[in-house]
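Each chain carries a letter (A, B, C and D) given by its place in the written order, and its residues are counted from 1.
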Amino acid sequence: MSDAKSRMIARAARDIAPGMTVNLGIGLPTQVVNHLPANFPVCLHTENGLTGIGPTLPPDAADRNLIDAGGAYVSTVPGSAFFDSATSFALVRSGRLDLTMLGAFEVAENGDLANWKIPGKFSPGAGGGMELAQKARRVAVLTTHTDRAGNPKLLTRCTLPLTAAACVDRIFTDMAVIDVTPAGFALRELAQGVTVADVRHATGAPLHIPGDAIPIF
Amino acid sequence: MSDAKSRMIARAARDIAPGMTVNLGIGLPTQVVNHLPANFPVCLHTENGLTGIGPTLPPDAADRNLIDAGGAYVSTVPGSAFFDSATSFALVRSGRLDLTMLGAFEVAENGDLANWKIPGKFSPGAGGGMELAQKARRVAVLTTHTDRAGNPKLLTRCTLPLTAAACVDRIFTDMAVIDVTPAGFALRELAQGVTVADVRHATGAPLHIPGDAIPIF
Amino acid sequence: MRLPDKTTTMEQAIAAIPDGATIMLGGFGVPGTPFLMIQELVRQNKRDLTIIKNDANETGMGVDHLLVAGCVRRLITTHLGLNANAIRLMNEGAIEVEFCAQGMLAERIRAGGAGLKGVVTDIGIDTEMGAGKQRIEIGGEVAMIETALRAGVALLHAARADTFGNLRFAATARNFSPLMAMAADTVIVEAEEIVPPGDIAPDDVHTPGPFVDHVVHVPQLSGEYAVVRR
Amino acid sequence: MRLPDKTTTMEQAIAAIPDGATIMLGGFGVPGTPFLMIQELVRQNKRDLTIIKNDANETGMGVDHLLVAGCVRRLITTHLGLNANAIRLMNEGAIEVEFCAQGMLAERIRAGGAGLKGVVTDIGIDTEMGAGKQRIEIGGEVAMIETALRAGVALLHAARADTFGNLRFAATARNFSPLMAMAADTVIVEAEEIVPPGDIAPDDVHTPGPFVDHVVHVPQLSGEYAVVRR
């Protein structure tokens, strides 16, 4: 993984407050947990029916009945609980999930998120993504700022089918931390070595720049 | 209890088939269980969250956390299960309750049942009665044939607020066993010492009499 | 990573409940009723409460203390048959009472707890319980909407809790409690026993800790919890 | 009184399933998938099935056997990401696929199991997943009806069952199984261990016996149940 990606993930981890219940989506978000301090008070949820996820395990140490929603073999921490899928999503939809961190294909300046379908190319179904995006109290996106071809993923409007409308609160990228505000995208922090001009150039929508000094992560 | 009532309860018990899941309502129906053969394969349900009810217990032997829906202290049998109120009524509404036996203020010839409210006199709420009456696969009523004033409880139409419409399949009284059929009340059996004329006289709706000999219980 | 500690004192937990609150109370008859927290509501003289509970207990017990102390404005329930005092107050107009079919009360609470707006049902459709409820056509038949119920606070009695709020209920004391635990903004649990996280095996949890906000130890129960000799 | 014995053989239990049946399958990925009963469906060459399952397992495993053998006409699911074969068959039109949001699939099944007609929700309301669903106004907002799902048969894998059908699931193998157990006309369970009634304490039951019709012992699991080394 590039340094920029690592710093993005470490920065995202700092947004997890003590006592939160958090769902970390498949891919980059899952790795956020590796950047939490030891003994940090947090409850990790996975939608296949577990609160209190512990470290992932190698096949030799794995329990065949104990996976996360991405299929990774995980463990439990003292105080974990197993439950059925209805209870699991009850937790998500009723406001008990304080934060979810998700990947994205596109994020629009009004907070619309597209991360589940590329018509004609990729349509495996949304899994639990729609409910996580629509109902977590706070939705953060972790994504590279641009796609592999260099096209911006932060846009005025999403072009792909939505996962949920107006759901994203904050975006962590390899270039910046950006909030979704009523006025659109607002730059909050810059990655080391990245300039405001770089971020503007890589963003497909207007970007509000704070008047004060911009923190570096 | 009168002999006639005892025979009514014993007769009702014979309608419980092996393997059934059964809910016995508060009052007379609860006593049906005392007339089942020892080791009879049946699962008794109570809507406050238990399948596999065992015998009732005197206060000295009771568990403060273990009651039936009527507030009686009960026990469990091997294989019983506790569950929450949503699961308990899921069992009732989804067709897993093979039979319920309920009390009645009035039963109409189309199967309408009134057993929860006498406006101005008695209105404590329906409890779980509506769902039992509306959703059990088979609904039997146990009741005296007439009220204390001698007025018929089996009527052409109910005058009291309904518990559920067209729900009753069979009525066990101290005088007769009567089925609710598309053509109305049909006499099936007579209590010892009771004549067809007695039953007709005590019934507030037309009564179909079979051509064959009428069994006595 | 470790799971947060949610233990607190009853006085503190109850003090945060404002007058006018909507409060769900676990329990079906005696089992599961949080008698000590109910006593604390009375002691702290909460007013104008809306209470959601299966029943109003019996005269002189549990919910009846709230009624006698004049704490209750409104009661959403299924059956008041064992509390003549509650029926009298209802008939006098001193409290408002909304009756639900028992399984519908359970589903309405569960729907609130599951982040649903309501459920579609035909229970009570031909009775006065169905009057005034929104009707829709579904699968060629007419059905009704039962709207979701939520509360500001749920007060629950557990046999055992860990410090993170994972709960175990005993026997028929479970009843509405796991549903109410999902359906309130703040969930306060009185537990007969409090254990460290991990003492309740993850497969044996009745209510997962994330639904619970505060856990209070009640080492000594009142006589109300005991077998009732009628 | 005693509770009935529901043990039988897998061959017999599966033989009663007709072609054209709608079958719910427990499992989220490997955990909870009834692999041996799926193999028996293939062996008995059931045709024209509608399968309801969270996912289609992975290529060469579980549901994929049914797809390869041409047993499946229709699949109601949430995610096929780990089974390229399923996606290909869907894209070729060889199977019909209906996608649900995962929590909505859970609620639709639970609603069927709870004797409800559906639930009222706003999940997916601004997305293509919300297209074509009945809309109603509730509490001043627009919401959608998600209709209840039921099946002729549910096939579930339990860690432990008693002969009456009380079930225990292990860890994340629980997932959809307790919901499906409520939502099918006939519920068949393969259990790694079968014990006499009473060996599972009544407070520790995950699925109560009255929801279960047949219990089959599977003393020997296939390799599909093991940890997948990707």
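Note that in this section a contact is a pair of C-beta atoms (placed from the backbone, for glycine too) under 8 Å apart; a residue touches a chain by one contact, two chains touch by 3 or more.
Since the structure is predicted, the reported quantities are computational estimates derived from the model, not experimental observations.
**Q** Check every other chain and keep only those touching both chain B and chain C; list them.
**A** D
**Q** Any chance you could check whether A-D or B-D wins on number of contacting C-beta pairs?
**A** A-D
**Q** Quick one: point me to the chain whose Cα centre is farthest from that of chain D.
**A** Computed centres place B farthest from chain D.
**Q** Suppose each chain is reduced to the average of its Cα coordinates; what separation in Å results between chain A and chain B?
**A** Between these chains, centre-to-centre, one finds 56 Å.
**Q** In whole angstrom, how far does the Cα centroid of chain C sit from the Cα centroid of chain D?
**A** Taking the average C-alpha coordinate of chain C and of chain D, the gap between them is 32 Å.
**Q** Approximately how many whole Å separate the CA-defined centres of chain A and chain D?
**A** 29
**Q** With chain centres taken as the means of their Cα atoms, state the distance from chain B to chain D in Å.
**A** Once rounded, the distance between the two centres reads 35 Å.
**Q** Indicate the residues of chain A shared as contacts by at least two other chains.
**A** Those would be 50, 82-83, 86, 89, 92-93, 135.
**Q** In chain D, which residues are in touch with two or more of the other chains?
**A** 107, 110, 114-116, 122, 169-171, 202-203
**Q** For each chain, which other chains does it touch, given as pairs?
**A** Contact pairs between chains: A-C, A-D, B-C, B-D, C-D.
**Q** Within their complex, state which residues of chain B touch chain C.
**A** These residues of chain B touch chain C: 46-50, 59, 62-69, 71, 73, 82-86, 88-89, 92-93, 123-128, 130-131, 134-135, 161-166.
**Q** Touching residues of chain C toward chain A in the complex: what are they?
**A** Its residues touching chain A are 1-5, 110, 112-116, 162-164, 166, 182-183, 185, 196-198, 202-203, 205, 208-211.
**Q** What residues of chain C sit close enough to touch chain B in their complex?
**A** Residues in contact with chain B: 28-32, 54, 77-82, 87, 99, 101-107, 109-110, 122-124, 126-129, 159, 169-179, 225-230.
**Q** What part of chain C is in contact with chain D in the complex they form?
**A** Chain C residues touching chain D: 107, 111, 114-122, 134, 136, 138-139, 141, 143, 145, 147-148, 168-171, 202-204.
**Q** Can you check the complex and tell me which residues of chain A touch chain C?
**A** Within the complex, chain A contacts chain C at residues 18-19, 21, 33, 36, 39-45, 50-52, 54, 76-83, 86-87, 89-96, 135.
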